[in-house]
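Note that the chains are named A, B, C and D in the order they appear, and that numbering of residues resets to 1 at the start of each chain.
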Amino acid sequence: MPDTALSPAPEARAGFPIEEALCEIVSNDAVNAEYRLMIARAPEAALRARAGQFFHLLCPATEAGQPFLRRPMSIYRIDRARGEIGFLYKVTGKGTRGLATLRPGETLNALGPLGRGFTLPQGTRHVMILGRGVGLATMAPLARLAAESGAAVTAVLSARSPELVMSRAELAAAGARVIEVVDTDGSSAPEEMEPHLTALHDERAFDYIATCGSNRLFRLARGLARSWGITGEIALEQHMGCGLGMCYACVIPVALPGGGEEYRRVCWDGPVFTLEEAMGW
Amino acid sequence: MPDTALSPAPEARAGFPIEEALCEIVSNDAVNAEYRLMIARAPEAALRARAGQFFHLLCPATEAGQPFLRRPMSIYRIDRARGEIGFLYKVTGKGTRGLATLRPGETLNALGPLGRGFTLPQGTRHVMILGRGVGLATMAPLARLAAESGAAVTAVLSARSPELVMSRAELAAAGARVIEVVDTDGSSAPEEMEPHLTALHDERAFDYIATCGSNRLFRLARGLARSWGITGEIALEQHMGCGLGMCYACVIPVALPGGGEEYRRVCWDGPVFTLEEAMGW
Amino acid sequence: MVSSTAPDLSVRIGSLTLKNPVMPASGTIAEGMTQVIDMGRLGAIVLKTITPDLRQGTLPPRVAEYRDATLFSIGIPSKGPDYLLEHTLPAYAACDAPLIASVSADTAEDFGKLAAYISDPRIAAIEANISCPNLKADGRAFGMDPEATREVIERMVAATRTPVWAKLTPNVGDITVFARVAEEAGAEALIVGNAILGMAVNAETMRPRLGNVMGGLTGPAVKPILLRMVHQCAKAVRIPVIGCGGITCGEDAVEYMLAGATAVQVGTANFIHPHTMTEAVDWIAEYCTRHGLSAAREITGALRPLHAPATAPTETV
Amino acid sequence: MVSSTAPDLSVRIGSLTLKNPVMPASGTIAEGMTQVIDMGRLGAIVLKTITPDLRQGTLPPRVAEYRDATLFSIGIPSKGPDYLLEHTLPAYAACDAPLIASVSADTAEDFGKLAAYISDPRIAAIEANISCPNLKADGRAFGMDPEATREVIERMVAATRTPVWAKLTPNVGDITVFARVAEEAGAEALIVGNAILGMAVNAETMRPRLGNVMGGLTGPAVKPILLRMVHQCAKAVRIPVIGCGGITCGEDAVEYMLAGATAVQVGTANFIHPHTMTEAVDWIAEYCTRHGLSAAREITGALRPLHAPATAPTETV
């Protein structure tokens, strides 16, 4: 288990740190054809969310009815000064279509903050963020966390085509150097990325890699971390029931240090796992 | 079985006379604290509805979700010239609350026309309409039917208090003489109404009574019809499944001429029954 | 869709060939439906269960509504076999679809007698409704006892040359026991299945919501349960299984067929959207085209494993 | 509500008195819940089923969603009895509510051994989960066989002085048979009941929606079925029946109590609205006040007939 200096373990939280918060929507606008950014006013407990944690959202009804279960969404932005939290989400099915109907002034029922977030090893100086698609939403707050703890951040964003690259501004605003690779010119292929990232490492050594959003990126990140002798983490996803570690629906297999595998709950033991225990995205 | 000259029996309808019609809402306004009048543009088949028939309405979803079953609503108005049908309804539960949300331009899914309506005996000259509460909605088109067939109509409207008397204008517009009795001054009590109605009969003999909406009115109407030697009908209600005579959910017991009772379907054998077969409202 | 590539929707149910796999569930259509849709477009028309005697059925109210289901307690009101032969069959004479009768009785012997009595060239098959949960005290039915199931089907098969289909009840433990018994007893097909026994209470009035206290739960909410039972039965028997429970569209029908059903019956959905069955027929045709299937019968049992055998050695579907 | 007229919410479950009738259903809460609600406000805290051995559970995906229900296939992942004693019990030590353990095993003998092993003053009662539909092939469970049910309960009762509760499965024909057997074998209470075995298929991928193909259907959609079973069981036995299935609010809890339940368990609703149980406790108190009841236990079995006996001579509820 890594040092948890920057992200308290769930069992360390006191009182009733997880709240069913009723948050007033500030804005909920499309950022492109598929993605929307939702900003909501949040109570104190929700604002304590850390990078990599998530909220379990009750999604409004659509013509298809009320989505029965909540939907997990990573924290994309926490603005403690304004008392706001933000989610960057892709409209895919019933739940996210419901989220997309929320208008400013309406109420979002958000349960959280939930899960175990990213944990920067103490003394980290250069963080590599390697993300693709909506997975980048999960890593935007990590750039801020790293900046706050004095580390430099290089964020490599992978996407299908340039117009789909998400979170560029958010990461840049957090002080990260942003590099984009896309499928359209082949720059996102692992065999192209590996020498590129190695050159960056040679230029200024990374001591932590965070990744999310694709199996190819996971394998690339784990390979680089191993060869550079550094640690890293990955944020995983799985279909959830409760989000509170109670139902055991959200399990994924992790590799045990001594060999063998074990199921872990993405919502409670994760969603962030070490690159060594993770077995795939 | 009464002469069916003015209202064809269901089995006489040819082709696909019952349609799942998508009707554009023209208006849907509150007429008082409890009741709303909804006017919708309707296709040809729906406009063939007769007095006493009903439509089975798919009610829009509310926060409580989509009402699973349709809701039966009597035809309150048919304006063949404008191609419009109207419903007068009381907002009571999930379904009618959903109906109340329909705005002009939106679509109402109405299955019908359904059921067996009122049947004026041939040669009827003076019709008594005796109604209470929302039941009056059912009888408004009967006044028009009677007028069209050259009969005079006296409509006696019973209500809790004067401001709740419904359909006054509608009935008057159809050419009916309208008399109101209310609970607040005791004029709606059967022992008050009986001499009152007998006086009306003495003045100009009734040859048909139609009633709806209350057990007291039913017993009064049946007693008067018997003592005057005339026929009459009552429109009944029962919780429905299909509205199409298929599920047998909507049964009520009727008295058989030879003695004994039998269940009949309100949606298919009714909703209009003779005063002699009906056993209560 | 070009007519030369139109998929073949026909399915075989024992000795019958139906032009498509969609039919109504017994007790959920009546003559009224012929005034709304073209019943001749259906694979078959299943009529309401009749009993040898005349019955009035249960006390109203007879229906309670849920968000995704209904609880009906009807109790088989029946006008008897003569009414069926003299009035009901003629009402559908103009429809180009085989008519399936459904019978119920108080004794196995009477099931047989009734089957014999209504054997008529206009009836293509007879369903044994051994599963209606309202017939006996506390919701018990023949279909909850394997031996009673066997006896009913055997008596009917002995009494008529019309094919006999057995409609199983889901109110049992291991439904495959009943499926096998019905197959052994000579049923040409199984319908899986009837309504699930339920109950509704009004907390504020402190009273039941149905005159009969208990009723049959039907509609979309029961689909996962009946789908599971169809899957279990299809693996247990060789005769065709007809899936029934909560089907509201062609996609639901295909789910049942993937799980092993040869055809499907639509019940409660007819009450809300009377065009459900005809639209399902069209949807299945489009589905076949989209998935490159030349015949709807290829869907039956075509469910593939979710995990590759290597990663999931216990998966044997 | 003035405190002098506050209704007494306590209920007796065998030798235990609970401060109110609301508790979680096994497997639907874990330590995480103590971070959201005050678990000490509950009548009891029922823990997840453990097995003697360590288990990983079923293949993901483990959940499929419906409009009014969920299909979960979890398969009792278990960290074993030592973890229960050393980690789980201490996690709830601060909660002012009795802890109920739940056990399952592959043989009746092992049920008994496990009950003996975890007999501990911190555990107020032990539920026998003879009903988990995922344990055995094709969803079978001990609770689908009356003799296996008897043997499990007898072994447990013989092995421990801690009260034993039997959690019945709804995947049976006549549940009263199982209720009576469990009572005779010495169970102090019945939980009625566990999840209903179901299955979900994705028509477009032609694959199951759960790694395990089948799973347990839970949530509001199953309430009418479990309510009926609770009603049947409460009439069949003298020991208290704890209602469980689709409870999402105090009103649902009261419906179960009217039908004969002494207490209730809340499952799936905890996943969506973690305050369901505490809000239900408050609602039941208000209900008692509104209906002039001085104690919640007066609700149990208080269902009145819908029709007056005169007009409905067959109504005997």
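Criterion: contacts are C-beta pairs under 8 Å (C-beta built on N, C-alpha and C of every residue); 3 or more make two chains touch, one makes a residue touch a chain.
Per UniProt, the chains are A, B = Dihydroorotate dehydrogenase electron transfer subunit; C, D = Dihydroorotate dehydrogenase.
For clarity, every value in this text was computed on a predicted model and none was experimentally measured.
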Legend entry - Any chain that touches chain C and chain B: none
Inset, instruction - Average the CA atoms of each chain to get its centre, and name the chain whose centre is farthest from that of chain D. - result: B
Inset, instruction - Compute the distance, rounded to whole Å, between the mean C-alpha positions of chain C and chain D. - result: 32
Legend entry - Intercentroid distance (Cα basis), chain B paired with chain A, Å: 61
Inset, instruction - Return the distance between the CA-based centres of chain A and chain C, expressed in whole Å. - result: 48
Legend entry - Touching two or more other chains - residue numbers and ranges from chain C: 66-69
Legend entry - Residues of chain B touching at least two other chains: 65-66
Inset, instruction - Please categorise the chain-chain contact pattern as a line, ring, star, complete graph or other. - result: ring
Inset, instruction - Go ahead and list every pair of chains that touch. - result: A-B, A-D, B-C, C-D
Legend entry - chain B residues touching chain A - in the complex, by the definition given at the top: 61, 63, 65-66
Inset, instruction - Write out the stretch or stretches of chain D touching chain C in their complex. - result: 59, 66-69, 71, 138-140, 144, 171-174, 196-203, 206-211, 213-214, 217, 220-222, 224-225, 227-228, 231-232, 251, 254-255, 258-259, 287, 291, 302-307, 312, 314-315, 317
Legend entry - Residues of chain B defined as touching chain C within the complex: 10-11, 13, 16-20, 58, 65-70, 111, 238-252, 262-263, 268
Legend entry - Of chain D, residues touching chain A in the complex: 27-33, 35-38, 56-57, 60-63, 65-70, 72, 74, 77, 219, 268, 270-275
